[in-house]
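Below: a set of structures, written as structure tokens.
Next come two complexes, and both contain chain A; in the first it sits with chain B, in the second with chain C.
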Partner chain A sequence: MEDRMSNSVGTSVLITHEVGLHARPSVKLTKLAKSFPADVEIALAPDGPWIDAKSIVKVMAAKAPKGTTLHLRAAGERAGEAVAALKALIERDFDEGEDHARSA
Partner chain B sequence: MTAHRPESVAAGIVASPGYAEGPLFALDAAASAYQASGSPEREADALTAAIASATESLAALAASTEGEAADMLEFQLAMLSDDALTAPALEAVAAGTSADVAWRAALDAEIAGYAASEDEYFRARSADLTDIRDRVLRALAGTGEEQPPAGTILVGEDITPTRFLSTDWSRGGGIALAAGSVASHAAMLARARGVPMVVGLGAVPPAGSVALLDAERGALDVSPDSSAIARFREAAAAFRARRDAAATYLTRPAATADGTPVRVQVNIADPSDVEAIDIAHCDGVGLMRTEFLFGTVLPDEETQLAAYRKVLEWAQGKPVTIRTVDAGGDKPVPGFTVEEGNPFLGLRGIRLSLARQDVFRVQIRALLRAATAGNLKVMMPMVAVPEEYRQAADLFTEELRALQKAGVAATMPPLGIMVEVPSVAIVPEAFADVGFFSIGSNDLTQYVMAAARDNGRVAALNDVRNPAVLRLIANVATFAADRGIPLSLCGDAGGDPAAIPSLLAAGLRDLSVVPAQLAVAKAAIASARL
Partner chain C sequence: MSNVGIVIVSHSPLVAEGTADMVRQMVGDEVPLAWCGGNDAGGLGTSVSAIMAAIERAWSDAGVAILVDLGGAETNSEMAVEMIGPPRADKIVICNAPIVEGAVMAATEASGGASLKEVVATAHELAPA
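Entry: the complex of A and B
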């Protein structure tokens, strides 16, 4: 994965979610990542450590609170599309409505 | 609050209010032993099959569940389906470890990672991982979960969310935990379902006996005598009546029976508390404690700033009164507080903050920066003489100048004081230049009555309705009204329906209560006549 990532497509998004990368947002993020053939990774800093965005165990272990800047990168088939889709999900606050956000 | 606390009573933190009476049922009864085969191949097969079976039962449970509980189960299902979770266990099995030992070790490592988190939300996820661990271990051993009889009080270290969901609550019952967390999924579910739950009880007694769980005050009595049972039933009936009546008051602004409006704010001890409160139901935060930040390490400026901002943003412009750290007394902090023979009369509250300016200035900077994010007010605990307030106010001014010079966004919030040392309540005129007063009725009562609030033997003396305490409160209220200085009360008495009429009569029009008491406080106000 490291080698492929050297030609990766990258971007940065600020998590705007009310509570951070908690259980429900992490489920959505990993599910979406898994829908792409590309390798997709996230990080809390521009220079990593990079985390497999398809593993909820690893994404949750990052313990990213609200207001964290999330970095995304992907490599392989439809990499650009994968990054754009994940970025959009985070920017939409993981599609969490008002009633959901309070207890997520 | 004035009840006698005998030896058989353990005190904890209310995670979900209510009352439960019944036999105890141990959650942590040892699972039946798994018989290892000794062959790595067969162990790997057994573990893989157990994980598949656990996944299947979890999926079935998720399919028959809705809302928050379904989201939680889907999260567990995603975790259990992730190779990153199972790989370390399978590797250990391949190296010769038995399936149950390997799985337990792998999951315990994950659990420890969450348990060590500084964030309460992520800390509370350790219960979800425990749930996953035990589900697979049960599948390995081929045992189901022993179902507690309906109406029992479940006791143990912690409770898993699926355990909560699989329990029959239709005939009452409750949860009493030695550890646990008010932010756990189980606590969230308990509040939603109205199941009484107390966490942080410390040692929890073995199962069997009949017990009383008071999840209004946070107490578990494991061997109550007949008079304790009678008192408990009376309190439980009163609680139910109040809750039913109160539900209709929760969403309305509070006012007395004769139409005088009363502000009702909430006390919060941790920023995550606000997740369970609708800001529309209260007039702001009358007390946000900051001791939670000072658990084991002294918090840095950014950590504090994030915590303060979270609450200010949640409050949507309503006032949030943050109290500077009130360590000392019964709240020691390693590396900060000092050991003293009589800590309630020692170096605590503002005294300690002024003695440890290195620590205090960090908090002051975080508060000054947070003040730009909402309607912040800052109050200092344990002020006894005007000089303490002035010194603290000077530190705020100094730090504000330094921040502005450095180009950091910051602003000066109104600075006020707690009224809890009798010297302030007796001569409030000496404090005419403070921004506001907030009566800390717990400490004021214990200092006026010379009766410690954590000593059951003198609990009857520790009464806010004693005429001496009420006269002092009225003295402050009269002075504050004359000078137009805002005044509120943030002690436990503010949410005690029995004390509310006396507090209103003493002149208070702004009470801050724990969130669980919001509705009952509003109901008690509505039935009071001035």
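Entry: the complex of A and C
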């Protein structure tokens, strides 16, 4: 895992969603991560432990509450795009905030 | 649709329908989904024919994962799979996982185009060790 991630792109983002990374946000994050070919990982601390962002069970088990700074990293094809998309999703409060009308 | 289908089998139609609601609202419409619950007399229970019909509704060539609640739901599901028989029975797996959590997690995995094996493995991650 460490080798694969040696050339990773990373960022961090503050979770502002009221309930944090709970059930519904976890599903959204995982589904978005799965839409990229890159390996994508998240962590609650800059030095890990790193969690596979494509594993719904592991992401949900992380139980990151509101106010957590979530660390993201990805390696492989379209890694930068994956990190940017996940960061944007979290910044949009997983499209569930009151200020974000659903487009669907 | 090529995503793995999810079937929810509970003794209670309310539990089954509620679980299906959670899958639809939390995961979305990308996975074939069906539920059944209650016996033919309208009480609590499960029915082999209703389970077979639910498998039919959620059928996918990628396979179907079944989430069950208690005892009879599992044995009747096994019977339904047996009656469907090969070759389709080879693509149907009854998951050993809690029904609500298993359904949501399995559907999340299935929504990304995962194989039946991967979907079942995700549900099984939730099983008590």
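Criterion: the second predicted complex is superposed on the first by the 96 of 104 C-alpha atoms of A that agree within 3 Å, B and C clash if a C-alpha of one lies under 4 Å from a C-alpha of the other, contacts with A are read in each partner's own complex, and residues count from 1 in each chain.
By definition in this document, a contact is a pair of C-beta atoms (placed from the backbone, for glycine too) under 8 Å apart; a residue touches a chain by one contact, two chains touch by 3 or more.
Just so it is clear, the model here is predicted, and its values are computed rather than measured.
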Would chain B and chain C fit next to each other on chain A once aligned, or clash? clash
Thinking of the overlay built on chain A, is A:G67 touched by chain B (first), by chain C (second), by both, or by neither? first
Which partner does A:G20 contact after superposing on A: first (chain B), second (chain C), both, neither? first
Let me test your reading of the model: by the given contact rule, A:I56 touches which partner, first (chain B), second (chain C), both or neither? both
Who touches more of chain A, chain B or chain C? B
Given the touch rule stated above, what does A:S35 touch, chain B (first), chain C (second), both, or neither? second
Overlap of chain B and chain C contacts on chain A, residues 23-24, 27, 30-31, 55-57, 60
Which of the residues in chain A end up touching chain B in this complex? 19-20, 22-24, 26-27, 30-31, 52, 55-58, 60-61, 63, 65-67, 102-104
Touching chain A in the complex, chain B uses residues 68, 71-72, 74-75, 78-79, 82-85, 110, 113, 117, 119, 121-122, 125, 128, 188, 275-276, 306, 310
Per the touch rule, the chain C residues reaching chain A in their complex are 25-28, 104-105, 108-109, 111-112, 122, 125-126
Under the definition above, what is the set of chain A residues touching chain C in their complex? 23-24, 27, 30-31, 34-35, 54-57, 60
